[in-house]
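Shared chain: chain A. Partners: chain B in the first complex, chain C in the second.
For the complex of A and B:
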């Protein structure tokens, strides 16, 4: 799980970009702000991943996966 | 060495992206008492770039302040950009800056050299603008910041506000968009150095030349495009003028590299704040991609002037602008009030 809580953009996108170098089919990530949620979603979709997320209190848990 | 710490690493948000959202600000300001003075011809009520206070028939003073955290690691360049950005508010009112004071926050992590270089950059830009720096105020703060409080002069009958566009006017923008996306991407090391050098040079460019040219034509309204982005500032112009502004998105100048970076999610938080502020007044009519919309909502630091010029003068103004500012473009037009204040075509 990539924990990007407490980080402001572009840091969460940098984290997922680095992680995706391993080309796995699925990643799980936590962010704590709307900007990070939207930017990480954009990055994942741009790289061919689908995105689902759930709210956990003030945080967002994202599942990024290739179908 | 003590000044090896990168300036931008000391800042949580950069440049005009640090600006508090327009919506938040309007909420706070609306409950503050306003002391009326009839000589204050531009003030709080239309959220303009600067205040204008009439001294006599020939002379009004233009008063403004702007400062922000580092947007670039080179302190000299940061000083230049912050000063150019602050001076721009006077140009956007059609005025000429004359006096300025430094506003500065320093941390104990910055070396004396860095502080000196920031100020040297500010002084250089101020002098280039024909403005003298007469002092200032510096305090300690966890995050460095720099800018200027600027006083300028303008003829009271030649003031250009952001709420005086007229039906039939044509809109001209003088600097390409994408600064916020590119500086955010640069933090992620996604942008080549030569492009960033070009971007920094653009930010350090004074808006003096476009101001000096536009005052020769029938320009009705003007603002500079900064933290609230093209759409936020256009929206303020449209609301203030009670008219609708049509943005012809294909004509809007922007840095091409910003488009793909927006698609990849390198979008500053300020762009989302700007969308929240303006979106309810925006009608997307044409096929405007998400990435293009991101560019239109992208906060600019030391952006260009947005001019509303009479249709009859528009082509002559544009061709004179283009002789010194090739990237200036006509980007839209103004109609009577329609359902939405802003229409993206």
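For the complex of A and C:
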């Protein structure tokens, strides 16, 4: 699980970019702002991942997966 | 398909912002200065008497509008999220030196685009420096640079800086004798659109920038880091729209010499914007973005804006700001010190292993 809560862009995207170097099929990530949610989603989609997210209070829990 | 819609939104927003920026010049703002976050914060600092440069004293309603426009749209979109605590004093210092860089070049990244759209080719040196500065910042981002996380604040804490903007607006309209306003003919501070026009322009652009996350630094940064072009498209759209409007109304004057509120020292234009690009990447956004984030309740950005404000005051009090005649010796020292300080901040906040 990548915890990027409290981090502002581009740091959350850099975190997921580095994690994706291991080319796993699925990642889980937490962010706490709308901009990070949008930017991580866009980056993941460009890199062939689908994205689902749920709200947990003020945070967003994202699931990035390859189908 | 969501990405396509995002792209279309930022293109339209960029065009609208470019037209508004060029329109503000027609309405009375200084040439190639429909918007300049650095210059306008500097003018506001002058109006409050924090510096006494008589040529640049006016409470600029554009700044007030940008913060409040972003605040209003953030409230509507339920994105008003007061937070802060991510190395605020470091951000203050970065904001301070970003302003020193801006006043060496005579403009923030936003005005750099508007200067290019007005045919001021000196800004090409600025753009080269700006890109080099962003690359320097990206180098450290890739190696784990971080100012650490933010924490949630109360709704009131996030509202302090927007509230101050309302006070500034009251002071502008009431114009008590202790507020300084540049006399007509004395300098760019005397050139301004009517208050209502400037305020409306700020509100609209603030809202659009909040909606699209528009950022001059972010555009080049994300293109380099992630091959992500969305923000850069906004940047290009502003340039294109301002260029077209300038050409139509006769405000496009290509060349190097005699450009409005600009000087021709290529090296120092480049170094000034290098400092701005580097510092802004470390801050996470350009001065415009800092205003918008302030409106969203980000107190770190509010502290950064105070750093910009204080940087502007020091720049004029210590003769570090350039003029049409060129950079000053003190300004060159300020930029050199700024580059050294920003480099140290980048190094000490870069850790190979996070957490």
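In the analysis below, the second predicted complex is superposed on the first by the 67 of 67 C-alpha atoms of A that agree within 3 Å, B and C clash if a C-alpha of one lies under 4 Å from a C-alpha of the other, contacts with A are read in each partner's own complex, and residues count from 1 in each chain.
We adopt the following convention: a contact is a pair of C-beta atoms (placed from the backbone, for glycine too) under 8 Å apart; a residue touches a chain by one contact, two chains touch by 3 or more.
Note that the structure is a prediction, hence the values are computed from the model and not measured.
K.L.:
Counting only touches as set out at the top, which of chain B and chain C does A:58 meet: first, second, both, neither?
P.N.:
In the superposed model, A:58 contacts chain C only, not chain B.
K.L.:
For A:43, select first, second, both or neither according to whether it touches chain B, chain C, the two together, or no partner.
P.N.:
both
K.L.:
Considering only the touch criterion stated at the top, classify A:13 as touching first (chain B), second (chain C), both, or neither.
P.N.:
In the superposition, A:13 touches chain B and chain C alike.
K.L.:
What is the contact status of A:34 with respect to chain B (first) and chain C (second): first, second, both, or neither?
P.N.:
Touch partners of A:34: chain B and chain C.
K.L.:
Does any part of chain A touch chain B in one structure and chain C in the other, and if so which residues?
P.N.:
Comparing the two interfaces on chain A, one with chain B and one with chain C, the shared residues are 8-11, 13-14, 17, 33-35, 38-39, 42-43, 46.
K.L.:
Considering the complex alone, what residue numbers of chain B touch chain A?
P.N.:
12-13, 184-185, 187-188, 190, 262-269, 272
K.L.:
Which residues of chain C touch chain A once you look at their complex with the stated criterion?
P.N.:
Against chain A, the touching part of chain C is residues 3, 6, 79, 81, 83, 86, 141-142, 146, 148-152, 213, 218, 221-222, 225-228, 230, 284, 298, 354.
K.L.:
Sort out for me which residues of chain A touch chain C in the complex.
P.N.:
5-11, 13-15, 17, 33-35, 38-39, 42-43, 45-46, 58
K.L.:
For chain A, which residues count as touching chain B in their complex?
P.N.:
Those in contact with chain B are residues 8-11, 13-14, 17, 33-35, 38-43, 46.
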